[in-house]
Amino acid sequence: MSLYHEMPENIFVTSVDQLLGWSRKHSLWWLLFGLACCSIELMHTGGPRADIERFGSAPRGTPRQADLIIIAGTLTYKMASRLKLLYEQMAEPKYVISMGSCSNCGGLFDKAYSVVKGVDQIMPVDVYLPGCPPRPEALLEALVILQKKIQKEKYLRK
Amino acid sequence: MNFPAAHLEKLAKLVDSVYNGAVSSEIVQADTKIPVLKINSRDIRKVVELVVHHKDLGFTYLNTISGTHLAETREDESLDLKGFEMFYVFSNSQDFSSLAIKTTLPENNPEIDTIDDFSGSANWFEREIFDLLGVNFKNSQDLRRIMLPPDWEGHPLRKDFKEGSHYNGIPTTRSSELEAIRIE
Amino acid sequence: MTSATREKELKPRVEITQISGTEIEVNMGPHHPSTHGVIRFILFIDGEIVVRAVPDVGYLHRSIEKIAESMPYSFFMPYTDRVDYVAAINCNLGYALAIEAMGGLEVPERATWLRMIGVELNRIMSHLVGVGALPLDLGAFTPFVHALREREHMMDLLEILTGTRMNNNYIRFGGVCQDVDDEFLKKLEKYLDHFVLFLEEYDRLIGTNKIFIERLKNVGIVSGEKALSYSFSGPNLRASGIGLDLRKVDPYCFYNDMKFDVPVGKGIKGTVGDSFDRYIVRIEEMAECEKILRQILSKIKEGPIQSKVPKKLVLPAGEAYHHTESARGELGYHIISDGKSASPYRIKIRTGSFASMTSLAEIFKGMMVADVIAYFASLDIVAPEVDR
């Protein structure tokens, strides 16, 4: 008789990819980085009511320890090169949530001369989150969507 | 705060008497309740020195410096000209009554003397105007771009500012998908 | 404290002349957890002492003033929210009052009361960010979470009042966008009872903390004279001992009828105008806001909330400079109208944070690097107010 039949409650059969995805999605550390208005809602998402750490998502001060960058706010041309630098400093695999209308497409500042019209013009984006600014609940939803995406990824078999 | 009328006349007399006609002063009451002292741009330092240091005035607090590019004709004929308009707001540090000083600069090569030795904050206000409007402040201690990157070309708050199609390889416009599916 | 010990404390802990004389250039920001948004300093340090500092702003310059020139007056209202997202209704109010003064528009009484409720609630929320982020920058995380918890309660109230949590876009020319029922007013009153207790608890939690006091007292002293020279306004100016509040000296709305004190810095832990004074002035000001809110609740009456305003608003030719007391000091709108078009010819926004930033280069000189953070955090600067 195999071990599996002896202790059915304690053993799960899974693939390595599934296991990696499961463990990666529950330890998405995000970079403590706010640009504009959305950073206040980002703070509130980390705050007592929304509490993003329930989802295994902890803020990190340095890009080298982060898996996820949340672009919270308006990106200007002056800031664009700095953001690119931060993104490049993050270790692979890395994910991007574009939070708020400004970083999705320029939003209210569509006619501005100094604003990048969408952060996807300088870096890839995984989840677009609309709103000006989105509520903390919405950001949690975006995180859950990203987690689903990570779970589906075949990380070992490319 | 409402500026007493008697105060105003005194100020006009003071400006006239000290500079003996060198200052083309004219005082108008704006909608703001703030009196506006219109002067010739070459006398800016003299007038600022008067309003800041004179013992009867003492407008030591600089609220803001604002600049405007006048490119189109405006209905108010006193402003019907091309060029730049500078608007300095000073306040009295005792009762916080305010006074505005207004002057105009020519369209080509706008230049005005700096007032950054009268107030610690004037330099930043001037830098902002230099950056966004391209007004040159003579003898300024530190005149660099403040808001825009150093390699930026042009002054965006001028009415004739044209945006390029790209900045450092980033396109400045975004094609809207909503535009394509709009129902006529 | 005797004058001799005070003098000893005021002296920099290391004499500048003793240092090696080699400068190291250290970049701080624009992404830095304690710069509250995207502000950058280039610090030239010698050992632990800052020899020279160059503040660099503009990383959030969103061209709000240029955008204003391309749209009708009323369309610009949402942009004023984003000038200072922590105190959005304050910015709405300054803009609306300036336009109403220029166009001679009437505001119904109830609308003014509702505006004042929004403004004062927002001022408390803004100061909570200020006093919450200050210990956070000094290394204490817990007080910040307490402040966020209270902000959540107030955001719930604002949601009933305005419809959104932040960037409220609440005020319209000649009124406000929506009315509230009596239930909201009761809720607000009940919340204020709770808030008084919270404020007292919060001040006891960090205001008496020895480390917190040591980190802030006698750090970043701005004398009254200097504060005026740097065009400080709002709580920062009052912390330097100058009791200037535009709600008192140039009253708007119904602030004339309100009874409230203007807290000024007294140097209770060190010197007048040090970083601790800037903290305590904000705490005291929140208590004053609470007093004002209670007075509003006792005086508010039923009535219309919107007066008749032409759909296409064209202001007479001319200009106005109108200032109000925002959470971060004097918020001035310089508006020029050409009298023909329905959009402004020019809008210049004067903000408190921009003026406060002008002091950095000089105050940072001779400071320890850790004190740079303490001074900067105590100023309570919000990046979009600096850059607009």
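Note that the chains are named A, B and C in the order they appear, and that numbering of residues resets to 1 at the start of each chain.
Everything that follows uses one rule, which is that contacts are C-beta pairs under 8 Å (C-beta built on N, C-alpha and C of every residue); 3 or more make two chains touch, one makes a residue touch a chain.
Everything numeric here is computed off the predicted structure, so don't read it as measured data.
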item: Greatest separation from chain C - chain, by CA centre; value: A
item: Chain pair whose interface holds the most contacting C-beta pairs; value: B-C
item: Separation of mean Cα positions, chain C and chain B [Å, integer]; value: 24
item: Cα-centroid distance, chain A relative to chain B, in whole angstrom; value: 44
item: Inter-centroid spacing, chain C versus chain A (mean Cα positions, whole Å); value: 31
item: In chain B, residues with contacts to at least two other chains; value: 147-149, 156, 161
item: Contacts with two or more other chains, residues of chain A listed in rising order; value: 78, 113-114
item: Of all residues in chain C, the ones touching two or more other chains; value: 58, 61, 63, 66
item: Interfacial residue positions of chain A with respect to chain B in the complex; value: 77-78, 80-81, 105-106, 110, 113-114, 116-118, 121-122
item: Complex contact set, residues of chain C against chain B; value: 57-58, 61, 63, 65-66, 101-102, 226, 228-231, 242, 244, 246, 249-250, 317-323, 330, 332, 334, 336, 338-340, 345-346, 348, 350, 354-355, 357-359, 362, 387
item: Touching residues on chain B, where the partner in the complex is chain C; value: 1, 30-32, 34, 60-64, 66-69, 72, 74-76, 87, 89, 93, 95-96, 98, 100, 119-121, 123-124, 128, 132, 145-149, 156-157, 161
item: In the complex with chain C, residue positions of chain A that touch it; value: 32-37, 39-41, 43-44, 47-49, 61, 73-74, 76, 78-79, 82, 86, 108-109, 111-115, 132-133, 135
item: Footprint of chain A on chain C - complex, ascending; value: 30-31, 33, 37-38, 58-64, 66-67, 70, 78-79, 82, 85-86, 129, 145, 148-149, 151-152, 155, 165-167, 383-384
